[in-house]
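Both complexes shown next keep chain A, but they swap its partner, so chain B is in the first and chain C is in the second.
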Partner chain A sequence: MARLPPHVPQISTGDPITAALWNSFIYAANFHLRAPSALLYQSVSQSVPPITRVRITYDSPVRDTDGGHDPANNSSRYTIKTAGTYLVAVASGTALQGPAGGEQSVGILVNGTTFWADHLRARDQAFSAILGSCTAEIPFQIGDFVETSLWQDSGLTQTTIASTTVGSWMGLHWVGV
Partner chain B sequence: MPPPYPQPIPGGANVTQTGTAALWNANIPPITNFLTHRPFAYLWQTIAQVLPGTSDRPRTPILLNAGYDNSGAHSTTVNTSRYTCQLPGLYHVIGQLGLQLPVIVGTAERTSHLEIRINGTAYTDAPLIFDTGPANTGGTVQASIYAQLRLGDYIDITGESYFNPITTFTDYRRPAMFVHWVSI
Partner chain C sequence: MAAVLVPAPVTVVGGVTVFTKDLWNNGPALADAWLRDPPRAILAQTVSQSIPTGVDTPVAFDQVIVDNRAGRSSDGTAWSAPAAGIYLVTATSNLAWNGAAGAFVGNHITATGQGTCAATEIPATPGPARFQYNLGALIALNAGDAIQLRIFQNSGQPLPTGFSATGSRLNARWIASP
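This part shows the complex of A and B:
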C-alpha cells in the first residue's frame, strides 16, 4: 500500500478550518503513529557457498505496514512503497562447518547493486556460529528495494542460522523526508 | 536548510476560542510537518584517511566529507568529523569504521577500535578484529548509541591505530555516521 508522506498546510487569516484541512491533520497524525515499518525473519536455512554474495530470503514477516515484502516472490526484498529516508538494520550468520578461517560479512544491499553498510570480520576464532549485523540510514524512492547480503570465504559451503531470535532478520522504519 | 523546529505545543484552546486560522497555523502544521522533516543525516567518507601509527594507540577523528544532512548540523569543509546538534533532544547515532589490512596497506596490529564520542568524550567502543590468514580483506565494525544532546553538542567517531599507519576504506566498507532525532 503506497502512502504519501504527510504535509499539513498553513492557511490565510479568516479562512475556515475545512474538513479537508482537518483530515490532512488526521492523516499526518495517523501516518506518524504507524509510519512505514517492517520486520522480517528467516525460518528456513539457506546455503551460503564460498565467495558468493547470497541474498537472505525472508519467509516470516512479523510486521509489514506497507506491504513491501512478498514471502512468495523475491522474498529477499523489501520494496519501498512510501518514499523517504529509512533506518534499516539487518543481521545474519552461519553455523560452523569445517575449520575456522577466512572472513564473513553481512551487508545492506540496495537495488541489487549498492552496499550501504557492511560488517566484515574474521572467522579465525573457534566458534559454533558466527553472526553479524549492521545498520544504515538510506534515502529511498518508491520501487527501490533493500536486501541482506551474506558472504564468506571459509572454503566450504556454510548454512544460515534460521531462527526468530539470533538468526537472520531485517527490520526497517521510515525516518523522514 | 534546517527544518522548522517547533516548540512543545503550549496548551489547548480556551473555552471561548473557536478554530481560527491563527490557532491552526501556530500549532498544527508546525508540529506535524516537523515530524515529516525531523533532523537526520547520513554522512560518509570518500577520500581515504591514514590513521597515524604511534605507540600510544591514538584515537583519530574520522573525517566525513560526503552524504546528506537536513538540518545544517554538518559541514563538508569545516570540522568535517562532527555532527553538531541544532535541536536539543534524544538522538540515535550509528557509527561505522572500515579499515584496510597489511596486504593492502597499513599495520600488523590485529585489532582496531571504533568509538562514538560526544564533545570529545567516548560513549561507546567496539573492537574491530582483523583476519590474520591469507586473503586478508580488512575489516569493518559498527556501534550505536542513544545520545541526549544539547544545542551545540557535537558527535564524532574515531578509529584507533597502533605502531603502523592504517588506511580507511572508501568503498561500501567506508567509515560512516548515521544520525536521527528521536524526541525532545
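This part shows the complex of A and C:
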C-alpha cells in the first residue's frame, strides 16, 4: 500500500485555513505517528554456500505497515512503497561447522548491487555460532528493494540460525523525506 | 463530591481569524517540515585513505549523499550538528589488513567534549585480510559540536582503508530536542 509522504504547506497572509489544508496537517500527524515500518524474521534455516552472496529469506513478517514484503515471492526483499529515508537494521549469522578460519560478513544490500553497511569479521574464534548486525540510514525511491546479505569463506556450506531471538531479521522504518 | 463541569462546545464567530499566517506557518507547517527533514547527513568515503600506525585517525568522507544543513567540514573528517539535540549516529568502517599478528584494531565514533561514544575494539590475532565494522550511538550534541568516525590500528605500518563491500560511511540524524 503506497502512501504519499506528508507535506503541510506554508500559507500567505489572508489565505483561509481550508479543509484541505487542515486535513494535510491531520494526515501529517498520523503519518509521523505511524510511519511506514516493517520487521521481518527467518524461522526456517537457510544454507549458505562458501564464497556466495546469499540473500536471507524472510518467511515471517512481524510487522509490515505498507505491504512491502511478500513471503511467497522474492521473500528476501522488502520493496519500498513510500519514498523517503529509512533507518534499516539487519542481523544474521550461522552456526559454526567445520574448522575455524576465513571471514564472514553481514551486510545491507540495496537493489541487489549496493552495500550500504557491512559487518565483516574473522571466523577464527572457536564459538558455536557467529552473528553480526549493522544499521544504516538509506534514501529510497518507490520500487527500490533492500535485502540482508550473508557471506562466508569457510570452505564449507554453513547454515543460518533460525530463531526469534538470535536468528536473522531485518527491520526498517521511514524517518523522513 | 466536587461538581463536574460539563464541557461547553467552543464555536468561532464568523469573521474571526482562528489561524493567522504566522501561527499556521510557525505551527503545523513548521512542525511537519522539521519532522520530515531534520538536520541530517549521509557521508561516504570513495577514496582510499592511509591509516598510520598508533594514531586514532578521523576518516575523511569525500562524498556527500545528504547534508541538508551543510555540517560537513571542508576536509570531510567531521560533521557538526547544526542544532542542539539528540542525534542517532551510525557508521561503517573499513580497513584492509596485512599487519603482523598481535596487533589491534579499533573503530570509534567520537563527539566534541565527550570523547568516544561508540567503539568496536578487537585483537587482530589471528586476523583476516579485512575488517569492516558497524557502530551506532545516541549522542546529545550542542549546535556546533562535531562528530567523527575514527580508525586505530597498531600493526607497525600504515594500512589503507579498503572497499571490500562498501567504503566507510557516517550517518547522523536529529531525532529529539535536548
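Convention: the second predicted complex is superposed on the first by the 177 of 177 C-alpha atoms of A that agree within 3 Å, B and C clash if a C-alpha of one lies under 4 Å from a C-alpha of the other, contacts with A are read in each partner's own complex, and residues count from 1 in each chain.
Please note the rule applied: a contact is a pair of C-beta atoms (placed from the backbone, for glycine too) under 8 Å apart; a residue touches a chain by one contact, two chains touch by 3 or more.
Quick caveat: nothing in here was measured; it's all calculated off a predicted structure.
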Inset, instruction - With everything superposed onto chain A, say whether chain B and chain C fit together or clash. - result: clash
Inset, instruction - Please indicate which partner A:Gly107 is in contact with in the superposed arrangement: first for chain B, second for chain C, both, or neither. - result: both
Inset, instruction - Based on the superposed arrangement, let me know which partner A:Ala95 touches: chain B (first), chain C (second), both, or neither? - result: neither
Inset, instruction - Tell me which partner A:His119 touches in the superposition: chain B (first), chain C (second), both or neither. - result: both
Inset, instruction - In the overlay, answer first, second, both or neither for which of chain B and chain C A:Asp15 touches. - result: both
Legend entry - Contacts on chain A seen with chain B and repeated with chain C across the two complexes: 5-15, 17, 21, 25, 28-29, 32, 85, 87, 102-103, 105, 107, 114-124, 133-139, 175-177
Legend entry - In the complex with chain C, residue positions of chain A that touch it: 5-15, 17, 21, 25, 28-29, 32, 85, 87, 102-103, 105, 107, 114-124, 132-139, 149, 175-177
Legend entry - Of all residues in chain C, those that touch chain A in their complex: 18-19, 21, 24-25, 28-29, 31-33, 35-38, 40, 42, 65-66, 88, 90, 92, 94, 122, 126-134, 136, 164-166, 169, 171, 173, 175
Legend entry - Complex contacts: residues of chain A adjacent to chain B: 5-17, 21, 25, 28-29, 32, 85, 87, 101-103, 105, 107, 114-124, 133-139, 153, 175-177
Legend entry - Touching residues on chain B, where the partner in the complex is chain A: 19, 21-22, 24-25, 28-29, 32-33, 35-38, 40-42, 68, 70, 92, 94, 96, 98, 128-133, 135, 137-142, 144, 171-173, 176, 178-180
